[in-house]
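Presented sequentially are two complexes of chain A, the first with chain B as partner and the second with chain C.
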Partner chain A sequence: MEVARYWRTTKQRYQLVGEKCPQCGRRIFPPRDVCPVCGHEARTAVQFSGKGEVYSYSVVHVAPEGYEKFVPYIVALVRLAEGPLVTAQLTDVDESEVWIGMPVEMVTRVLREDGERGMLIYGYKFRPALPVNNQAPQAAAQPMRTPLPKANGVHPEPVLQAAMP
Partner chain B sequence: MQLMKPVRPVGIIGYGAYVPRYRLAGQAISELWTAGNTPPPVREKAVPGLDEDVVTMSIEAARNALARAQAADPTFDPAQLGAVWVGSESHPYAVKPTSTIVAEAIGATPYTQAADWQFACKAGTEAIQAAIGFVGSGMARYALAIGMDAAQGRPGDALEYTAGAGGAAFILGPSEHALVEIEGSVSFVTDTPDFWRRQHEQFPEHAGRFTGEPAYFHHITQSVRALFAQMGLSATDFAYAVFHQPNVKFPLKVGEELGFKRAQITPGLLVNEIGNAYAGSALIGLTAILDIAQPGERILLASFGSGAGSDAFCLRVRRSLPTPHVWTTRTYVDRRVPVDYARYARLKENYIL
Partner chain C sequence: MRDVSIIGIGQTPVGEHWDKSLRELAYQALLAAMQSAGVERVDALYVGNMLSGELTAQEHLGALIADFAGLRGIEAIKVEAACGSGAAALRVGYMAVASGLCDLVACIGVEKMTDQQGSTVTSALAMAADAEYEALQGLTFVSINALLMRRYMHEYGYRKEDFANFAINAHANAVNNPYAMFRSPITAAQFAEAKPIADPINLLDSSPIADGAACVILAPTSIAREFTDKPVRVRAIAIATDTLAVHDRRDPLYLEGGALSAQKAYAMAGVGPADIDVFELHDAFTIMSALSLEAAGFAPRGQGVRLAMDGEIGLNGRIPITTMGGLKARGHPVGATGMYQIVEVAQQLREEAGLNQVKNAQLGMAQNIGGSGATVVTTILERI
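Right after this comes the complex of A and B.
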């Protein structure tokens, strides 16, 4: 894959920088410069908090090229605290520990390497939220095995194509 | 010799640690290679996940340091960092800075200095020394110095028992907002070939017992004694001491030689739980101390890097800062997922497929 494409998306991949619609206030990720809801131009960069929860997930056993060494790994739809739904790998977690509604947080990890001689590609993944100091791990909380109700009556947005698989 | 002290006072305004979650027991290594006949020098060591390296671990430690700096000084902004310096002996690229990736990920680009430092296990304190000078001279208001390693040890070698992973990040800045003031430092360096890794080699070589007396013990005692002499201090003036931690024995022994009691050393002694984090070893020990230290207390930090040298620092805690929203070093040390040797070999990519 071309170096230029990675280079253009470093801010969104490393830092979860998206956009805010000046018209309707909607947060947009990944950045697309046009609000997917109201169609207004939206170019104001906003850094997301990195907090979210698992909306749905699947386990990849047969990986696309470049991801073979990670199998089996988990790809999830993560509902970010600011609203958008993003596709990303989960990390630091085993399949048996994942549940729908699990609180997760963004970490910057190695997504893949472009062969032995190519670039190392870094980007966002999500891991189970680490407990805040001296509290019981959140993973021990009651798992929710059903999809979450729609928060505040807001309809889930369509799944936007994330920068990386 | 002269005590190193900047023109204007410099302190640590934020710090953060990182340790990956996997652990391999020393006993597993002993059983695989010596039928369990070698007593392991550490109980277990930290192992990075398949998607972790010095870049990703540095980013997380740096984000923790930024969170503490923002709590200490609400006007602090990562764009004000005049330097992002990463010391390591496992930079993922041979040519291409780790530091630019870290700087981009934490929002310090584009107007900043960025460089990777290399001096075996003291690459991190080397970056701190430079950062003190950079801030203390007024060239930058803030500088970020990181010591981080995904340590390498050849399978079956003595180093495999201890080669761990992790490290810490420090934001140096003017001492008025600092959590810790740096009262003075000393660097002591000689050409001592106790441990090295040649270009294109995957694992380091070492000179066996030579790594002890003429290397580790000589350099640390010389740097610390010079610091004591220059500052008119002795071991009893310090609440804590933290040394480079290649195993459990060495830091306790060098501490004793310098007049420290075990109770001053154990709060920062993490090697039994995470192994030797090379350039991150002494520095992550320091973060464990900073998590519990009280205002007014003095801390001695003395690194050791093969090749060889030691940086000794006299630190004084100015204020304690409650930052319950930032993970402590203990949170990372206690977050552990034990793995067996087979899974470890997979994580280290030691299988040839």
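Right after this comes the complex of A and C.
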């Protein structure tokens, strides 16, 4: 098992915590400790808003080990509102509904499973941005929309509602 | 620094070699190259390979292949730079000879991929990407290229079929290459109907995984003619890097590492793109051909596909590419690919390319790409 390996990146994966360069002000995600623009050391942690838009996308049909049960799934490059691009899956959306420029927001979901008795790895995915002024209190009280079960009998991925610690 | 030349070349056919192990493939290519150079021993052996540990549970390839080839005692190490491993091994060999530390050096690229099933190979290839921020998201090597291709089509207004000629040209050239994996031509209609893999990439955009090994022998140019009457001079070889992850690039549609390594190589050789007669580029996917042509200065940004659409990439075109089939049709044994490119450029410059011979080829270039552009090796070779 590789518990420590995943544990040490939980802030990035659960909360989208990156860095800010104290020299040039650039927001950096994923965190890399040295600003890619000015070369200054950048260790000031910053939480990103999780808002962004689709820069490009594709669909994975032949998955790597640990991702087989999720196929087909949509992968994307998302341009975060703060500037950086991030690689992530899109969720709660059908491929035919995705377009370049589509507004999206971050959610926390299961990324991979290491077998029946192995670890569940959680992390960020992005879904179509929900309207902000549309009965927000009721919407928050309702369960998050879950994708319909696939026709081939594969169950939808588990949905994590609360932010992870 | 000493001038360096290739004095011998060797390769195995690319394909599914169920009956041959990694060490046997490497030895076969090494032996062919040593015979071609007429040498019985080398001072050092550099082995380019990406996935031997993951796919065949075998590392320590330097000692393994030196031992198996009867060269026990010599300096021998493995060099790894993802799919750029083959040409990276050539760079190490070049430095050894140019520096004066070694006289005769063998550089091998070898990969054995067909011992494992698809999902294992898919996971292994994804190791070229950022494990924590790309592969963990379930990204595959194909889907990374699909992200680039979709954005490229979006920004520059191309259609899917505009990329067809990269694949058609590669297959047409592979027909005459006895070492190629797919020696059958394809049509535009077949390209249009090919099975989607990761939209917009389909089967005929994509190079096949395979087994294979290729090898060159290097020597100082001053003594090269003692071994062969067809030495090929290494005018330049340069490695440059870019961010490992595509999302960290300043512009994902520009191969900065490709541009940088090409510029370094042009400067080292004192030539420019207009002087290149043959260009073996890294067509792992058709989008990579377009990006590589742009990075190496053969087309302005967003115009790489035009060269294919306008028929400029054929054997008689402005810049012939993938003249022996490229990754697409010769096959893509990942860590060996860079060395196949070098062997094929050398074939052109030695007038050994048969029906695919580019007339009066004096200067040839190869660009070998690791990952989706994080390592790029550009090599310029010259007939002397």
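FYI, the second predicted complex is superposed on the first by the 131 of 165 C-alpha atoms of A that agree within 3 Å, B and C clash if a C-alpha of one lies under 4 Å from a C-alpha of the other, contacts with A are read in each partner's own complex, and residues count from 1 in each chain.
In the analysis below, a contact is a pair of C-beta atoms (placed from the backbone, for glycine too) under 8 Å apart; a residue touches a chain by one contact, two chains touch by 3 or more.
Every value quoted in this text rests on a predicted model; they were computed, and no experiment measured them.
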Clash-or-fit label for the pair chain B, chain C on chain A: fit
Which superposed partner A:V86 touches (first chain B, second chain C, both, neither): second
Partner chain(s) touched by A:T10 [first = chain B, second = chain C, both, neither]: first
Partner chain in contact with A:L130 - chain B first, chain C second, else both or neither: first
Partner chain in contact with A:S58 - chain B first, chain C second, else both or neither: second
Contact breadth on chain A, by residue count: chain C or chain B: C
Chain B versus chain C as contact partner of A:L111, first or second or both or neither: both
Partner chain in contact with A:F70 - chain B first, chain C second, else both or neither: both
Chain C versus chain B - closest C-alpha approach in the superposed model, Å: 12
Doubly contacted residues of chain A, that is, touched by chain B and again by chain C: 70, 89, 111
Chain A partner contacts - residues on chain B that touch it in the complex: 21, 49-53, 55-56, 59-60, 92-93, 101, 104-107, 324-325, 327-328, 330-331, 335, 349
Chain A - residues contacting chain B, complex: 10-11, 14-15, 47, 69-70, 89, 91-92, 107-111, 120, 122, 125, 130-133
Residue ranges of chain A in contact with chain C within the complex: 9, 30, 32, 36, 55-68, 70, 73, 75-77, 84-89, 95, 100, 111-112, 121, 123
Residue numbers on chain C that touch chain A, as the complex places them: 118-120, 122-123, 126, 130, 132-140, 142-143, 146-148, 150-151, 154, 196-201, 243, 245-249, 252
